[in-house]
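Order of writing sets the labels: A, B, C and D. Residues in every chain begin at 1.
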Amino acid sequence: MVAEFQPKVVAFVCNWCTYAGADLTGTSRIKYSPNVRMVRLPCTGRIDFMLLLQAFGQGADGIIVSGCHPGDCHYTSGNFHARRRWILFRRLLDFMGVDLRRVHFAWVSAAEGAKWAELVNSVVDEVGKLGPYETFPRRLGRRQEAVEVA
Amino acid sequence: MEALRTKARELLESGAVKVVIGYGAGSDPQRVRALFARTADQVGQLVWDHRCRQNLAAYLIKPDVKALGRMAIVARPATLRTIMQYAAENQLANDSIVLLAVTDDGQIAELTSFAAIEEHLAALPRGLTPEQQQELDKIEKMSLDERWAFWSAEVGRCIKCYACRAACPLCYCHRCITDVNQPQWIPIASDPLGNLEWNVVRAMHLAGRCVDCGSCADACPEGIRIDLLNRLLGREALTQFGAEPGYSPRKEYALSSFKPDDKEEFIR
Amino acid sequence: MNNNNGRNQYTPYRMRIAKVTDEAPGVKTFRLEFAEPAEAETFAFRAGQFGEYSVYGEGESVFCIASPPTRKGYIECTFRQAGRVTSALADRDEGDVIGFRGPYGNIFPIEQWHGKTLLFIAGGIALPPMRCVIWNCLDLRDKYDDVTIIYGARSVADLVYKNELADWGKRGDVKLYTTVDPGGQTPDWKGRVGFVPTILEQVAPKAENTIAIVCGPPIMIKLTMPVLAKLGFTPNQIYTTLENRMKCGVGKCGRCNVGKVFVCKDGPVFTLAQLNELPPEY
Amino acid sequence: MSEQKILQKKSLGELVQKLTAAGNRVLAPVRSGEQLGFEEVTSPRKVADDYIQTTRSAKAAVFPRYEPMLRFTLAGKDVSAEEIAPESRPTVLFGPHPCDAASFATLTAVFTWDSGDAYFEPKLAKLTVIGLSCTKGDAYCFCTSVGGGPGDTRGSDILLTPLDANQYLAEILTDKGRAVVAIAPTLFANANGQAKDRVLAKIAPRFTAKKIAERLPALFPKKEVWLEQSLRCVGCGCCAYVCPTCSCFDIQDERDRYGGVRMRCWDSCGFGLFTLHASGHNPRAVQSERWRQRVMHKFSYQPERLGVLGCVGCGRCSRSCPVDMNLGEHVGALAEAKA
């Protein structure tokens, strides 16, 4: 029997809002997809676009980038800077033929546990329908077994 | 051309500059090459025509060239914009070099102050030419898969010679991200992922700064149209954030500034 | 064809770190034992040779073999944490496996030195490349006449092999002079204070029938050579060991090329006479 | 003495098919936009005709852009490692010009002068070169200055010379060449004394390599000579990467938390990082010194040390150079420079 495709979604989230929001999802006992792997960074301003390429290069099928709502940044303006970068980066990815249905951006505050669950579920669902991201080149020396869902 | 030679001779003879960097005859009739005139008798070799495309501002940061002393640079509009961008990024002191801009009627504008360069540029046409716009449109009209196939083939030819970086005057970092190895962000080898990463990084690091001189694509031995990536991001930075790099010595870099009400429609 | 015991010369031996010694700030010594004991049987090297040490996943880095060939069963290397590989090496612990390939390069011609007086002059982190040949000669002590070691570092903390220096100091058959740069001494420092060339001038043996082995930072070399010349040493009496950036270690990758010489094949050991023939690109 | 045969141009397709069917990888020049490179082909439809030079050389057939050497698995304190056997399918290289064919001698000298090379030699052993004489050259060609020529047979196992629009003169030069004929014997007809010289390109010599090699050591200290030539060099690696004989390489690791590979990949003496020491010291700190190294290495050090020239005069470095550094011209100038 062929196992159902389990998409791997990597979420880059800021420490102060989205990570706390995801915590709330858990403490609120809201169930959501286990296909997401979270990478916690201090701020969305720290989320270099290279990280997104590296995630795809190491086997991610979809990516979520999330942080504080505009105006709520712990460092005052990190998310405003991030937003400008995302606007350009998304355009570049689209221009180069990267499927934007695999790259999602969101503002999730520490109070939005339910929104986080909804976001993850919808992205996992959408990426699951797209299937594995096989056209994206993989990192050399990447071990195949490590790519599989543990 | 005569006006250029006369001006160059004047500058060298008066000792105002030690070297005039311009264009001279190249290996074949289609090519010109950078000429470093250090004596008045060399200025006769200076040429000026449509072949003079290389952005000579790139030499401002080369140690061997800097050691020659104060320089004058023959400048096309993109070169002037580069100097403005250097000014905006605090990479160059006012009045430290001489720019020789050739005007449409063949006269030479000798520009030294940032203010003079800014004024000179203000009178020139801006924006993409119809041909440049068409090149972008052509790719944007492709389907997603076609775009991916197109760019995979383009960057797949990349051999990581970094001619694009070397030819770009705005790639002036003493330690480029590719030279940093703790961690090694971008693979040394020109494998498919490494090539993609390098070309994306290069475009992003120039987004909102690139003055669209085209030297990167001219330099690429594999003929990869990397300038289109820069042009796309330049157009987006203009329409989204009003960024027009290289027209003012004071402009803030689009990606190190923001407006609380920057518009987007994709963040949930 | 491959001169690495019939192995693919780019494939490292797996070595287990048997002992880690902290020598100075950022400087460590590893004792390495072959993870496959059979490989130790066929492995042999001579004083002056070097190897490519690697952390799997981070890359390779070149250092000399710091232990003498007279001590069997292990090799030692001493390195300063500087770049990607040495930083990763510094993070390794006893029991970890790293890679080593070699030995590469030429040797100190210690047989030719039999019966001669030996003068070792080292500065800072350049003692490790000489430790191998020093121990090699000390282990065959009766073959040589007087042995003098002059070793200087910026400060007391920067001296490497502090225990061995103490041992050498206690031996009756070695004249050891340690020195630190002015300002680098501690209140209980018993050695000398001053730069290596100065100390050399004070304590050097007669040039006649003496071999000088010099290794140190460029500035020390630059100032030491004239002193040796003044003392009567000819370029053929002076040996040094060079370092250049290397990748392959076997004369192919092109990095260490100086003139027609490959430092990895024709060196790292050169006499001053040989160096004088080379373009100054090292 | 080589055997001479006639090969019809229209039978190239059949030749490619037969070579492929016999288990060979056939590499031939393929056009992509304005660029030409040697790529694997299975039919002659894609094979470019009528070109002066490919953008990239054919060296990747034996010395690829990057090549994994070792695969390792990380497990706690331990590491297991296995060698990766070099990819060495029997390969027929179709269409390199005599300059490219000659480059394999230089590569062989570098990779085997002192010890063998487990990755280069198996590829070379299984490489058959079907060279193609030049009927035209351009301002960048200088093969005749470095001991080659537009109809030179060195390095080729078979050398084809287009006698007219329809047929090639095929000189069968080695056993490997005879093996190709044996795979498709009916395609090779006997020749009757056709001469190839009349169709070959005329490339005027610009200098003599021997004279250059003699002069260079004395020119080494002349800083101003090297500076004058290299002021416009921007220090990219383009010339080295398109060069058929440049073989300097880097060894690099790539890994994730479970394991990875060690590989070697192309490198260039034009980069400042090439020689930079960990201490920050750089033996060749400025571009003029790197340019000098490039010229000295190819025209002085390699001839003296390995007995081969490091240049075959293909002119790729100069055609591709973004700032029009012209090797043939500059080396010619060095021959005249005052020592």
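In the analysis below, contacts are C-beta pairs under 8 Å (C-beta built on N, C-alpha and C of every residue); 3 or more make two chains touch, one makes a residue touch a chain.
Predicted, not measured: the structure shown is a model, and the values here were computed from it.
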* Structure fact -> A correct list of chains touching both chain B and chain C reads D
* When A-B is set beside A-D, which has more C-beta pairs in contact? -> A-B
* Can you give the whole-Å distance between the Cα centres of chain A and chain B? -> 34
* Structure fact -> Chain-centre distance (mean CA atoms) for chain A and chain D, in whole Å, is 45
* Asked: When the centre of a chain is set as the mean of its C-alpha atoms, what distance in Å lies between chain B and chain D?
  -> 32
* To do: Provide the C-alpha centroid distance between chain A and chain C, rounded to the nearest whole angstrom.
  => 51
* Asked: Counting only residues that touch at least 2 other chains, which ones in chain C make the list?
  -> 83
* To do: Pull out every residue in chain D that's touching 2 or more other chains.
  => 66, 250, 252-255, 259-260, 263
* To do: Provide the list of chain A residues touching at least two other chains, using ranges where the numbers run on.
  => 139-140
* **Touching pairs - complete list by chain label** => A-B, A-D, B-C, B-D, C-D
* Once bound in the complex, which stretches of chain A touch chain B? -> 49-50, 53-54, 57, 70-71, 77, 80-81, 83-92, 94-100, 104-107, 119, 135-140
* For chain B, which residues are in contact with chain A within the complex? -> 139-140, 142, 144-152, 185, 187, 189, 191-194, 196-197, 200-201, 203-204, 207-208, 229, 232-233, 236-237, 240-241, 254-260, 262, 264, 266-268
* Taking the complex as given, what residues does chain B use to touch chain C? -> 181-182, 184
* chain C - residues contacting chain D, complex -> 1-4, 8-12, 14, 54, 56-60, 82-83, 86, 93, 95-99, 218, 243-245, 247-248, 250-255, 257-260, 265, 279, 281-282
* Footprint of chain D on chain B - complex, ascending -> 26-28, 31-34, 36, 54, 58-59, 62-65, 68, 153, 157, 159-163, 165-167, 179, 184, 187-191, 215, 218-223
